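There are two complexes below, and they share chain A, which is joined by chain B in the first and by chain C in the second.
Moving on to the complex of A and B:
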């Protein structure tokens, strides 16, 4: 029999993980990647919100609808020459009395490369399984729930909304380009179609997945030399015990699943 | 039944771990086991607690004494350790065994040949140094000072009480309900010693306040709703996050 046993049911585990996950600081990443046929640089900040806890014997904590709140700043580089047809004003010649024949030069519009900044915040959800693991690290006993595998992010309507946000950001930038008037709709539609839902999930998936796939939830973290009482003056020094072993599991008794920690101690 | 039953969090500590915690307390703070008046313990240190001598008219400085307690060994209900027939452990109780050593600084007093003075409790009497001495008699009689000690094994019954440890933490303390010393005669002497040790052990064990946090080795937050209870050789608590 374990010397010390602590157990928490699913309701308690939900509250515990609410607190623990809320304490995980926001994570951020930046870089550049392909967004459809375009290159986009990005910076993203993400924070986690606990889902519903399902304890599964012997050692799994399942978080259903674990939510990742993210805030993305995108900068999309688009070379309009790749999208729009070449546009040239033809040479025009006129005969002017006493002057002779005068011709204008042939003028071709060189479509510029534009940069489209987009800021967007939303969330994704995922179901994830975490396996319990205990270890003694640098004099501390730790019990952690470590994610099993790579979760599948549920983007839902997020990508369509982001595509609309890109469209909104694109329009004023295109309007500022000379001679683009007749091509405005073509350019916008072509760009959005080129990016597409697949392009967005292709970008967002690899950016956001690591925030969850590397996730570890601290369940227990106490020093091996465990302080029972602090020092209380010159004649009452600190009282310590040694935690010799820690184990973590999920146990079922009478139909109730509980997260159970056990400890053995010595004086 | 599940461990948490109707609550969210459960914590239990087995009597082996409880004894480890008590041993740790007593090892790190031995003064809670050793009490002595000035000739034994002039001043309180980590090792021993100074207590006053027992005042008595004519005994200069009072009667010096010392009491040394062993580390108590606690058995939580259900009963595992044998007890004297006078003690019967019930649900919710613990029993304990503890070695106790009582010492007295036994001195031969020097009688003041001068006129007796009225007793002044503020000053006490002072011995005279000009008393005629009889060296032969001194050797035949009691030595001038002799440490006189005896040891007892004391059995006790008690229960837990929730208390506040220093710093405001929720804690438990051992409350002594009954003390038994086996086979001392006459019965009046046994009763006298049991009463003395009952008071001493109540006071001494009440100082060993073990935070609930330590009883669950720091695992999970627990606001107690049920307990601490003694059952199945454990202290059990249930509560919410």
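Moving on to the complex of A and C:
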């Protein structure tokens, strides 16, 4: 039987995890990926906000409505030649009095590549199951909650709002391009359609999921050897206790699920 | 090839992709010239390209007497190819008849704006004199107030309107409009008409018949930032 046993119920576990998650600093990532047919480079910062804790025996901590607040800086490169038809100014002929007819040649122009920067912040929610795990790492006993599998992120209206933000960023950039005026609506609609909700989900999912799927929640961290009595003199040295084993589990006690930490010690 | 803002700059001294410079040659002779980055004529005296103007004189007069009217002007187009600051015409030596017109156009957006610079005073796209012209296709809506960068009183306004295309039929209609050009005649220090209204993408041809001094057609907003020229 374990020499030390500590247990907290779901209310206590909620408070504990609130505190622990609040101490996890915001995480950042950057890279590039396809956004529909376009290449987007991004940097994203995300921070976790605790959800409701449900303890499930024998070793699962379920966080319901775990919330990830994220802030995304996106830069989308779009070669307009890929989406708009080639454009040519036709030959233009004018009659110059006393001179005659003068004609300009047909002049064809390809569309440029544009860069659309978008900043966007929102949150996603997920239900996530964590399994309890203890280990001795470099002389320290650690108890952690490790995520089980990859949860599905619920994007809801986020993607539609991001699509609208891209549309807003797009218009002034397109307006600065010579000759695009008459194609403006076509260009904007084509770009937004090419990205689409699926394109945004396809981008956001892989970017944001690792913030949760790689998540570890530290629950307990203790050196294997720790002093319980300080030294009182040359003949009365410090007294240390050795933690031989630590286990974390979820147990049901009198109908109440509890997070239980047990330790075996020796002197 | 990619568009840049140069495609939308109204300045006869700096020819962009949607600009043309036209020059009529009224006397026989050999007219050597170069194509240089705009505003760089003073840095280069090489004139590697040539317009050879033949005929006129007896032949021209004879032909005129026979038919009872002037021989028709023939237009020759020269396509300028450019990379960076180097420009080359598709025909290094072009032979034409007296009274013919040569029109230069090009290059792509990967090049700087350019100027056609001849040995003779009348033959210079940056300094329009007589029997020449400059055309520009306007790429964005707005009012373009133009002036002569060399300080004469010459000026005018081109109002460019958005065709407001809302459906495919509008785009078709607008594209048909693009083939219609407008002319501004410049003679004796005056531009007629002074104000022209066109749609985005339409071309205005500035025909310079006579001027006492060389002129330019330059968006006045460019003159607000550029150093005075002489």
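In the analysis below, the second predicted complex is superposed on the first by the 247 of 267 C-alpha atoms of A that agree within 3 Å, B and C clash if a C-alpha of one lies under 4 Å from a C-alpha of the other, contacts with A are read in each partner's own complex, and residues count from 1 in each chain.
The rule is short, and it goes like this: contacts are C-beta pairs under 8 Å (C-beta built on N, C-alpha and C of every residue); 3 or more make two chains touch, one makes a residue touch a chain.
Computed from a prediction, not measured in an experiment: that's the story for all the values here.
> Using the touch definition from the top, say if A:105 reaches chain B (first), chain C (second), both or neither.
second
> I want to verify the contact counts: of chain B and chain C, which reaches more residues of chain A?
B
> Go through the superposed model and pick first if A:240 touches only chain B, second if only chain C, both, or neither.
first
> Return first, second, both or neither, reflecting whether A:157 touches chain B, chain C, both chains, or no partner chain.
neither
> Given the touch rule stated above, what does A:97 touch, chain B (first), chain C (second), both, or neither?
Second partner only, chain C.
> With the two complexes superposed on chain A, say which partner A:168 touches: chain B (first), chain C (second), both, or neither.
In the superposition, A:168 contacts neither chain B nor chain C.
> Show me the residue ranges of chain A that touch chain B in the complex, using the header's touch definition.
Chain A residues touching chain B: 1-9, 11-12, 15-16, 220, 222, 226, 228-230, 232, 234-241, 243, 246, 251, 253-256, 258, 260-261, 263-267.
> What residues of chain A sit close enough to touch chain C in their complex?
Per the stated touch rule, the residues are 89-105, 107, 109-113, 175-179, 181-183, 185-186.
> Sort out for me which residues of chain B touch chain A in the complex.
It is residues 1-4, 7-14, 16-17, 20-21, 23-25, 27-29, 31, 44-46, 165-167, 209-211, 214-222, 240-241 of chain B that touch chain A.
> Which of the residues in chain C come into contact with chain A in the complex?
Contacts found on chain C: 1-5, 7-8, 17-18, 20, 22, 24, 72-73, 75, 77, 79, 101, 103, 105, 109, 131, 133, 135, 137, 139-141, 162-163, 165-166, 170-171, 174-175, 178-183, 185, 200-203, 205, 207, 209.
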